[in-house]
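If you scroll down you'll find the structure; I have some questions about it.
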Amino acid sequence: MADLKSIVQFLDESLNTCGIPDYPGAMNGLQLQNNGEVTKVASAVDASLPVIRKAVEAGADMLIVHHGLFWQGAQRFVDAQYSKIKEAMDANLAIYSSHIPLDVHPEWGNNALLAKSIGLENAESYHDWKGILLGVKGIVSASLDELVAKVTDAVESPVHVCKGKSDGGVGVVGVITGGAGSEVAAMANQGIQTFITGEGPHWSFSLAEELGINVIYAGHYASETFGVRELSRVLEKKYELNTQFIHHPTGL
Amino acid sequence: MADLKSIVQFLDESLNTCGIPDYPGAMNGLQLQNNGEVTKVASAVDASLPVIRKAVEAGADMLIVHHGLFWQGAQRFVDAQYSKIKEAMDANLAIYSSHIPLDVHPEWGNNALLAKSIGLENAESYHDWKGILLGVKGIVSASLDELVAKVTDAVESPVHVCKGKSDGGVGVVGVITGGAGSEVAAMANQGIQTFITGEGPHWSFSLAEELGINVIYAGHYASETFGVRELSRVLEKKYELNTQFIHHPTGL
Amino acid sequence: MADLKSIVQFLDESLNTCGIPDYPGAMNGLQLQNNGEVTKVASAVDASLPVIRKAVEAGADMLIVHHGLFWQGAQRFVDAQYSKIKEAMDANLAIYSSHIPLDVHPEWGNNALLAKSIGLENAESYHDWKGILLGVKGIVSASLDELVAKVTDAVESPVHVCKGKSDGGVGVVGVITGGAGSEVAAMANQGIQTFITGEGPHWSFSLAEELGINVIYAGHYASETFGVRELSRVLEKKYELNTQFIHHPTGL
Amino acid sequence: MADLKSIVQFLDESLNTCGIPDYPGAMNGLQLQNNGEVTKVASAVDASLPVIRKAVEAGADMLIVHHGLFWQGAQRFVDAQYSKIKEAMDANLAIYSSHIPLDVHPEWGNNALLAKSIGLENAESYHDWKGILLGVKGIVSASLDELVAKVTDAVESPVHVCKGKSDGGVGVVGVITGGAGSEVAAMANQGIQTFITGEGPHWSFSLAEELGINVIYAGHYASETFGVRELSRVLEKKYELNTQFIHHPTGL
Amino acid sequence: MADLKSIVQFLDESLNTCGIPDYPGAMNGLQLQNNGEVTKVASAVDASLPVIRKAVEAGADMLIVHHGLFWQGAQRFVDAQYSKIKEAMDANLAIYSSHIPLDVHPEWGNNALLAKSIGLENAESYHDWKGILLGVKGIVSASLDELVAKVTDAVESPVHVCKGKSDGGVGVVGVITGGAGSEVAAMANQGIQTFITGEGPHWSFSLAEELGINVIYAGHYASETFGVRELSRVLEKKYELNTQFIHHPTGL
Amino acid sequence: MADLKSIVQFLDESLNTCGIPDYPGAMNGLQLQNNGEVTKVASAVDASLPVIRKAVEAGADMLIVHHGLFWQGAQRFVDAQYSKIKEAMDANLAIYSSHIPLDVHPEWGNNALLAKSIGLENAESYHDWKGILLGVKGIVSASLDELVAKVTDAVESPVHVCKGKSDGGVGVVGVITGGAGSEVAAMANQGIQTFITGEGPHWSFSLAEELGINVIYAGHYASETFGVRELSRVLEKKYELNTQFIHHPTGL
């Protein structure tokens, strides 16, 4: 059994929750407290009602997510929102969320772990956003087809490819997990030749073609399971807790 | 015993919850549901933690307030916010909030009831705000001193007077309960000679003096107990429910 | 051979180009003139460089698109943008774009034609946006599985389903082609039980689950070929011109 | 007799009028010139018409205020505004205003002097606002009741207490004179346990209760007489001028 | 001798001061009151210090202007601003300003009178701005050279011509006095072929050439003496007052 | 013959195109490419249709301008805009634009060259704008009349003078070419006593009078031919290219 306060403090410090900028809806850190004790940690990408129910069924009293409870702003406690908060409170389930801090963490972050899993070398951070570097770029020794296969393996689901580079190669590869497809032009400006992210809008396809940059859409969900799974492992080791990953894919 | 859905529908229709504009934080209507049944209705000005506790102690399963749960926007469920939601949920306490709809209701509204209690005659609505008329104005046959005494009696607490009119009279009297003190210049422009509201900033005193308009600050809290108390009475009658007013003054 | 001016006037009037609101980047109507004569009309979803090249190869001197040249704002005439404009001008290719006017046209519009192709009955417009109604809603006599099959047939490519309704039915079906996935909550508020659109963000999946609404993502590209293809047919008939649809799918 | 230019230069430099940020309406520094000569300096909190008349009656040719002439923006020269400017000009009365520079001055400032008068020890600046520290915090050896008595003595008028701390103590005490009551949550976040300011809105009471922080509302006017009175003394000494404090309380 | 209040009321009603929109800095109506009596009315384009001095020298106690005192927003009463207000107050000079209400008045307005002086026929209002029509358009039977001569005569000073129309004619003529040169494209869109206004930016020349529209810059000052001179005449007649136009050209 | 890429790179580096801030519409640098080869360079102030035609007639394959193609934002390729781009592309004419980078260049800039041509001594940069210094100030040994004559000679066209200084002298002289007349108050605040710029609004005349600052309006066009003419000379020398200045004055 571990102390919620201690885990929260450890995560806040390790992830630099206070120092990393984010969108207002992220509200990183502890989002829902419990009675103070933690015996089992569940982790998941999204704090949705089905996920919370699975975490409760699994006997967890702490849930770690990448997308927390507050992206829709203040919400009346009725219907699904009522059920979410009531069921979590009744089951003494604390919820901790870490969005961009978990994307960019050099060891546990979604970017770093996806980059590692595809064999990206000479990795360095890039793409300034509010004063931090949001992505990881480097070299992968592979053709585009080979890289697509590596990414497919890593995220364990099909990917969508916008082929923009005409020579079949990949050049400099950039990785920003999640929904960064609107940044295709910014990627090309920064010298990225193949860009891996989760999802992007229809118009990014044409832009990729015209700019001559490959874009691989690996799925927003699929590209962001790495970080929360790693946090589970870290807590399991440090606090000797049972942990469980709650898989609830959106296919998007 | 009454049905929560039925009460909510009755209040929403009677108060025109959907049609009356308000500030984003008001989120008028049902803010927290319960198991669907209502046996006792508490009413109060503010949905604060001490108020919720008093309502729970009183055995209420519905709380009607003027200032609801969402003025601070989305809030983490920790500390007081955790206790508020958890204790209300555990006690099966639904919370319904009505802000401007309850200020301006012609029969049950804070303005109408305060105006009535001070003997305001020839009452008519005035002061356009987002397409509705926010206040009530009319004539009171009294000197300023007499009017101050009437207001003090009505709100059952001391008031603060900014004397701006030099002749000791009151002229046309305007009433907007709550925190409308920043509207002093707008009041003078609309012909109000004595303005009764709840609270206002320091600089409104000088403005009142220079514009020659009396301002009576009756207290934000004190000027807004009328509406929620009246709603209790209405529900008591219509649904044969026990009701109770939770008095928790702020002195502001 | 037809007169460009005459075609443009006909389209502007039929589509109500001046009266229908749109995003600033849409710049509906004639976007690139030519020498004034039209012999062959190509149509396509996007005015991208590969599409323009295919239109030129096909011998067209007019290209009708849904997404025109100006979504990125003012752009330097270098690289792909230089090639696009130069190759179109050299080939005397006029470009006409119609975005929302073509989505909402009652006969030729993307919404109406997709709705028709899936057998939607009692169709009526809904979803106010800047004073117009952006979508079409109605009844489809089908289970969710059957509706998914119908949509797949209609758009001739795979679709993605977020199953939110628990009974396997579809209820009231709403159709807004393109990228309206962020409107899931607004759909539920308007009584839509199954929403068909082109694309949407990851978080819309969880929202659909929690709101109990089915969402079918039919592809932004795939859901918007109907209108431009229909415009071709209309011009072919009215002006006795050759026409050709340029298929250049993005898969998004 | 002293030279207006010299006094203005001395005050601007001592108070760092150009370097300290403020609200646009503050327009710190000389707001109304006179014929260039100063024989008697009046000081007051607000540059209102009654105050200007009292200053003229007192024979002053310079008035130093905390709240100057421009908070309402540009104003027609009619009615009270006409009288204000005309009577001041006719009486050769210069007006100098200093708002936040006078709140935060380490020796002459409202915060420093109020803090000193209640025996606050280990005083240090806190609460960042546009790059400066707006308040003073420290330790007072007293119970809440004792501190309330000290503040009442210091401001020479009654105060309003929101008791949030349950143990009757005061802990770390923060002082920001004027109207900072909306900053209650920010105070709690910075470790303040008892917050002294001038005025605040109704909702700050509930927030104080829920956050467990004491708030003492000492009056906006009453908490801000310290600085202008001190400036009088400073000028009296340096320029051998007669000075007079014009007391015109608002009770707010 | 006339009553200031009466004149102000007459002007406000005749010019529809409250109903006509304007820029915030215009602050149309009485800007500076006097002791209430008017014996002589001066009129001028700008309420600048030299103009005020000339009005005072001329013995006026009311000054009517097109550009009033508040275009720069709130201003400290020092240097020229001090002199302006002090000298006007000392001389008992009231100032009344009317900007757009005086541009668009159908009889006394700058547009109507300039249009009349160049023989514009079939005059009608055009160019929507915040719900009113800002200009006057019609037909002038003249070549461009002849029209330029007419305008030069009317404004009694040289004009600057941007020749955009290739045939030497003038077509439909639009008149908006003052600084409307940035509206050249809007004029062309509304079918104006020759546009007469006061001043415009450098880039409007190239735009006029490219759009094929003539632009005649008659001078901001020179095009706006008509209205204030007419108001003098109107008041002279109605109130039997002496009046005088203060000519103080800027050459711009 | 020279390489377009090489010239663009040389200009971008020499003018610091990437480092100097500008208005969004400036889009400094290469705005329209050609086939890559340059044999003759034309230069002009504005990239208008008549200028482009003159450049094409002169046989240029590169045009250097101060005001480029994008000040109006994205524009449909119809009418003049169609002709502009088509005629330039057909004639293989590249267009390079440099706005503020060319105003402020210490050797080739409009400010520096105008300042030099009027004999301004002890020149130093001044007037912060987005982190750069936009103007040049210094001393000219001359009366106002003499300075006006010097400026008239330098810009080879008449100038307009707002005489604000009463002693006939010029004091500290500031130079900001183009349309900086709205900065008159900022100039006075920075100690400029005579300000030379291209154009300014009507109200700047009154302001200059009241602030006691001379303003010389030398013409927006006329004050900005220096830089582009100098760039021609620089490229002529460095690349042994023919060059030609296209004179197309606006008179504004």
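Which chain is which? They are A, B, C, D, E and F, in the order written, and residues in each are numbered from 1.
The criterion applied here is as follows: contacts are C-beta pairs under 8 Å (C-beta built on N, C-alpha and C of every residue); 3 or more make two chains touch, one makes a residue touch a chain.
Since the model is a prediction, treat every value here as computed from it, not as a measurement.
K.L.:
Could you name all chains that are in contact with chain A and with chain F at the same time?
P.N.:
Chains in contact with chain A as well as chain F: C.
K.L.:
If you apply the touch rule, which chains end up adjacent to both chain D and chain E?
P.N.:
Expected: no chain.
K.L.:
Would you mind working out whether chain A and chain B touch using mostly the same residue numbers, over half shared, or mostly different ones?
P.N.:
Comparing the two copies, chain A and chain B contact each other through largely the same residue numbers, since over half are shared.
K.L.:
Could you give the separation in Å between the centres of chain A and chain D, each centre being the mean of its C-alpha atoms?
P.N.:
50
K.L.:
Report the inter-centroid distance (CA atoms only) between chain A and chain E in whole Å.
P.N.:
From the centre of chain A to the centre of chain E is 62 Å.
K.L.:
Express in whole angstrom the distance between the two chain centres, defined as the mean CA positions of chain E and chain F.
P.N.:
Here chain E and chain F have centroids separated by 32 Å.
K.L.:
What positions in chain E touch 2 or more of the other chains?
P.N.:
79
K.L.:
Is the chain-to-chain touch network here best called a line, a ring, a star, complete, or other?
P.N.:
ring
K.L.:
Report the order of chains around the ring; begin at chain B and proceed in the direction of chain D.
P.N.:
B, D, E, F, C, A
K.L.:
Which of the residues in chain D end up touching chain B in this complex?
P.N.:
Contacts found on chain D: 46, 48-50, 67, 71-72, 79-81, 84, 160, 162, 178-179, 185, 198-207, 209-212, 217, 220-221, 250-252.
K.L.:
Using the touch rule from the top, collect the residues of chain D that touch chain E in their complex.
P.N.:
25, 27, 29-33, 69-70, 73-79, 82, 85-86, 89
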